[in-house]
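These are the structures in question, set out in turn.
Shared chain: subunit A. Partners: subunit B in the first complex, subunit C in the second.
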Partner chain A sequence: MKVKVNMAYKPQYGPGTSKVAENRRKQMNPNQKLEKMRDVTDEDIVLILGHRAPGAAYPTAHPPLAEQQEPDCPIRKIVTPTDGAKAGDRVRYIQFTDSMFFAPCHPYQRTYTECYRFRGIDPGTLSGRQIVECRERDLEKYSKELVNTEILDAARTGIRGATVHGHSLRLAENGMMFDMLQRSVLGEDGVVRYVKNQIGEPLDRAVAIGKPLDEKWLKAHTTIFHSLGDVAYRDDKEYIEYVQRIHSLRTKYGFLPKEA
Partner chain B sequence: MAKIERTQKLFLKSLKEKFQGQDVQSETTEFYKFNGYHQSPRKEEFVKASRAVEMDRGISMYDPVRCHLGGIPLGQRQLMTYEVSGTGVFVEGDDLHFVNNSAMQQMWDDIRRTVIVGMDLAHQTLQKRLGKEVTPETINEYLHVLNHAMPGAAVVQEHMVETHPGLVDDCYVKVFTGDQELADDLEPQFVLDVEKLFPAKQAQALSAAVGKSLWQAIHIPTTVSRTCDGGTTSRWSAMQIGMSFIAAYRMCAGEAAVADLSYAAKHAGVVQMASHLPARRARGPNEPGGIMFGVFSDIVQANRKYPNDPARASLEVVGAGTMLFDQIWLGSYMSGGVGFTQYATAAYTDNILDEYTYYGMDYIKDKYKVDWRNPSPSDKVKPTQEIVNDIATEVCLNGMEQYEQFPTLMEDHFGGSQRAGVLAAACGLSGSIATGNSNAGLNAWYLCMLLHKDGWSRLGFFGYDLQDQCGSANSLSIRGDEGAIGEVRGPNYPNYAMNVGHQGEYAAIVGGAHYGRGDAFCFDPRVKICFADPALKFDFAEPRREFAKGAIREFMPAGERSLIIPAR
Partner chain C sequence: MTEAIYPQVRIVSARFLRPDTAEQLLNRLVQVGGILRMSINGPSIPATVPYGPARGKPNPHPDRKVIHVGDQEVLLQVQVGTIILELEDESYITVIREAVDEVFADKDFSCAVQQGRYMKTQPTVSDYAKYGPDADREILGLVDPRKKGGPVIIQGNK
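Here is the complex of A and B:
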């Protein structure tokens, strides 16, 4: 079977005429560069993740692919393994909690964005958290992009492996999203620092992730429709009609499964 | 869709009580200063009780400081009280777990220990095969004998053990019929009088549906069905029925005609409250997973008490249904633990679903001229896709906006599954009450789910990915194993079998379709009549009020063992 290289399909990255819809499309589109907002180092990312000590070798789940007998599989010939898969890394994770008060990214949006931008990932999407799992060295590379770019806000995005409660709560008076474990704290200098890793183990040293973004910026860049933000959901009529259309078509096909 | 004005916010009183002294529309608050679990009187009580247990048994128990997150106890944020919707009663969240709430236990006990058994087959056997005379007098005598035997007393044998009446005081049998003349000839203590129990229009419809048949509404002892299971109910009842016929009609205990009576009581004439589940569920009949939604909406009696408020009637089904299907069925039978309670209670606390549903009522009245306060089939809207989409969209958007504009409301329903269930329930109820069509209501539910997910880029827990994102396609399907009319779907319908936060609401959507039409029953008139019985321990016309009574420890259940255990 030949694989068709030049697909006629051109991704549209979702409907909508509003700013929120536009923000969503920008995050998803891998041809659009995400704005860099901070510079958290490789070592600091490893500390927050908490999967291995900085500088330690990557533990492996299997020998490097080059050293093990690969079965004669047509799929393996088509798919180029990621660096982590080649090396036989373990599958590890990063998990985020996004405040509904105008955090830049939100669970399904994260999943869609990651699927368009990263390879070899397994995202899971819930209301209060979104996890993405992949090979460890790939994870560290992807995490750096997820943490350092415009899809994270230091106050309203949390990196939380467990006890994620907070996405829907009112904000603390200093603007921080609630975190029962207070993994990150806002310093008097206005900088947010992680003092615990994502599962709540205290870090030997704090990891600074910069200052929270201001309210105006957040409302202009968020990907959640919100009637107290810049765009109420009902105001993006194209978006609503798109969802209604999907629902109607699914309903009709379920009732009488044949093409129109 | 077009937003309508509704100044009344039914949830405001609750929010102001829960978040006292705070602006319920503020986007900020304080955390980490509430002294952990000490802010909850109930959790303090738990600690004290646990210390006594530990001293008594020498094994450690409840220790929220040491065991929760390695030293960070619950209560870093404000632990909220809850108002049981429609009651004005504020309770601790813990008291809405069924282990801590005797009313919740009794509601399920009262369903599981109930079967309805026809008398007509037995009377034919007695008359035609044995030549016995059956008259109101003989039926009265039989019912006397049966009410002696059903709790566990001997009627034919010598030297038999019997049960203590003080332990089985909740067990009895009544009868009902659509033949008012016959009903009037029977002793009132044994009769569920349809004319007296139901509003006239409903009574007329129920009597017509039941006709001249005579049915026994049987409730075996709570203790028995708890010690055994739902499958026991028909067996226990059939045994006592058989013995009572032998005694009352002076039959030979061993004659072959007894087998006919037994067959009628065990199989041919039995209405179980729930059907037998597949082997993989390992449950017999009369267990929660087998209750059809139409039957459940008949078990709940709120439409009998509030015939002119189909929204209220449906909301009572939501409360009863989420408690049974989420907290007990999925939460404990199928899973185990405590987390499911938090999902379920969202639908029957703080008047939030109530507010969203009544917004839907205002909307269908304003836009489609549905006079929902006077339920009737005549003004129901044609369930077109366009109209269902319109109702669901507006009710969903309104609910989302309420959550946005009242941050304490969002904080109250802090989990996406809670919000998803409540928003979709309001849409489903609005759709079904407007159209009188349960599948149209289910269809509205699924559009709400899709809208919600796309608007906030989040929905519920993982399970919502399956059930709700493919639900549109099965909402109007009626092919075997892929769909059915709402009335005959149930918790074990393939796509519904795994997901908390849905089944109670689905049952209410089915009920709403009929309550909105002013129907006397949804699926089975016999079930509707059976649970109208004021002698039942649990009042099925007011499930939420009963749960509130249970939470504040004012509900008196059955099946207590104090008679046979040492006094404390």
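Here is the complex of A and C:
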């Protein structure tokens, strides 16, 4: 999805002068291509998601739009349906957990990024996990982008449909984020493999998603402020000023705020 | 319940320990001696998937396994992150610090030994409501007294 060129203003995406703020803007800006880090195939994605067997037809929730009578609605004339909506796919999900130890993305950031980049999605943001729901074939396309690009790190990002606990815990000895169900395992060769799908059912074959990124890369690309070991939130004066302004305005909202 | 006269220490590593490291550390602590009670803490590794669509299905996990500590076998049900010890007297604290430093000397992360009070000294009203008047006071405040399978007892050198 491209931002319209003839827009009245140039989107800023977010405040801040720090490296973290810059990384956040980079991920949100749909004109900025995300760096490709690994090559996970369509079949691998289907296996990790666990919603259907690879190669199986997409189950449908309603007949394809072309085969059914659509009501006369101006909005439907403006909005082009996504491929999944056109075919009448079911709505399915992918959910991520991001470690607080400098994961490349985090729940709020994911939601912003997805809203700027993808169409026809319903993200859900929680403190330790972020879920995005959409039509199944769109989901597979979006998931592939989320997994293959710099938004994911093999060790500090987990694809976890349920039992997500671990984002705020210490890392394991080998650098992996704690996972009660151990869906992904770090092999002897340094490659992380998913041995269970996102809800914890064992897979027939392991899905390799590449080597964990090193600490230096993670600290350079993280979108998380961290006062221990990296950029502290309070050091980004512009960010603080912006957040305080929003906080102040929304608090005063009921009293007809007027800016000085 | 603990008696206030016994000192307590808490061993906290910067990373969660693998079962073999935990085994090595615990065996070293047992060698030091002077430990009255010990509790191993960390996030739980359940035997079955606790919730979600796969709830109730077996949860094979390489870190949920039996380790040998002293002369006993211990089933690790958690990923070891913290070890709490109750000691006979304060003279053991320095030896424990040395033992911990020795185990973590070749690791690329640190481990802290802190002194303080980490075990419950008195049952609370909630404990009474939950477990009744006859709850095992030896383990109350460390684990759920209703849990099946009591504590593992490792024979000392005395």
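The rule we apply is simple: the second predicted complex is superposed on the first by the 247 of 260 C-alpha atoms of A that agree within 3 Å, B and C clash if a C-alpha of one lies under 4 Å from a C-alpha of the other, contacts with A are read in each partner's own complex, and residues count from 1 in each chain.
Definition applied: contacts are C-beta pairs under 8 Å (C-beta built on N, C-alpha and C of every residue); 3 or more make two chains touch, one makes a residue touch a chain.
This structure is a prediction, so every number in the text was calculated from the model and none was measured.
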Combined model on subunit A where subunit B meets subunit C, clash or fit: clash
First, second, both or neither for A:L171, with subunit B first and subunit C second: both
First, second, both or neither for A:V185, with subunit B first and subunit C second: second
Contacts of A:A232 with subunit B and subunit C, given as first, second, both or neither: first
First, second, both or neither for A:G161, with subunit B first and subunit C second: second
Partner chain(s) touched by A:G120 [first = subunit B, second = subunit C, both, neither]: neither
First, second, both or neither for A:Q244, with subunit B first and subunit C second: first
Touched partner set for A:I199, first subunit B, second subunit C, both or neither: second
Intersection of subunit A interface sets (partners subunit B, subunit C): 163, 165, 169-173, 178, 180-182, 200
Subunit A-touching residues of subunit B, taken from the complex the two chains share: 1, 3, 26-32, 69-70, 72, 76-77, 385, 389, 393, 397, 400-401, 404-405, 407-408, 410-411, 413-417, 419-420, 443, 446-447, 450-451, 453-462, 465, 470, 472-478, 482-483
Subunit C-facing residues of subunit A, complex: 161-163, 165-166, 169-174, 178, 180-182, 185, 199-202
Partner subunit B, residues of subunit A touching it in the complex: 24, 100-101, 106-109, 124-128, 163, 165, 167-173, 175, 178, 180-182, 200, 223-228, 232-234, 239-240, 243-244, 246-248, 250-255
Subunit C residues touching subunit A - in the complex, by the definition given at the top: 13-18, 21, 43-46, 49-54, 57, 59-63, 79, 81, 107, 109
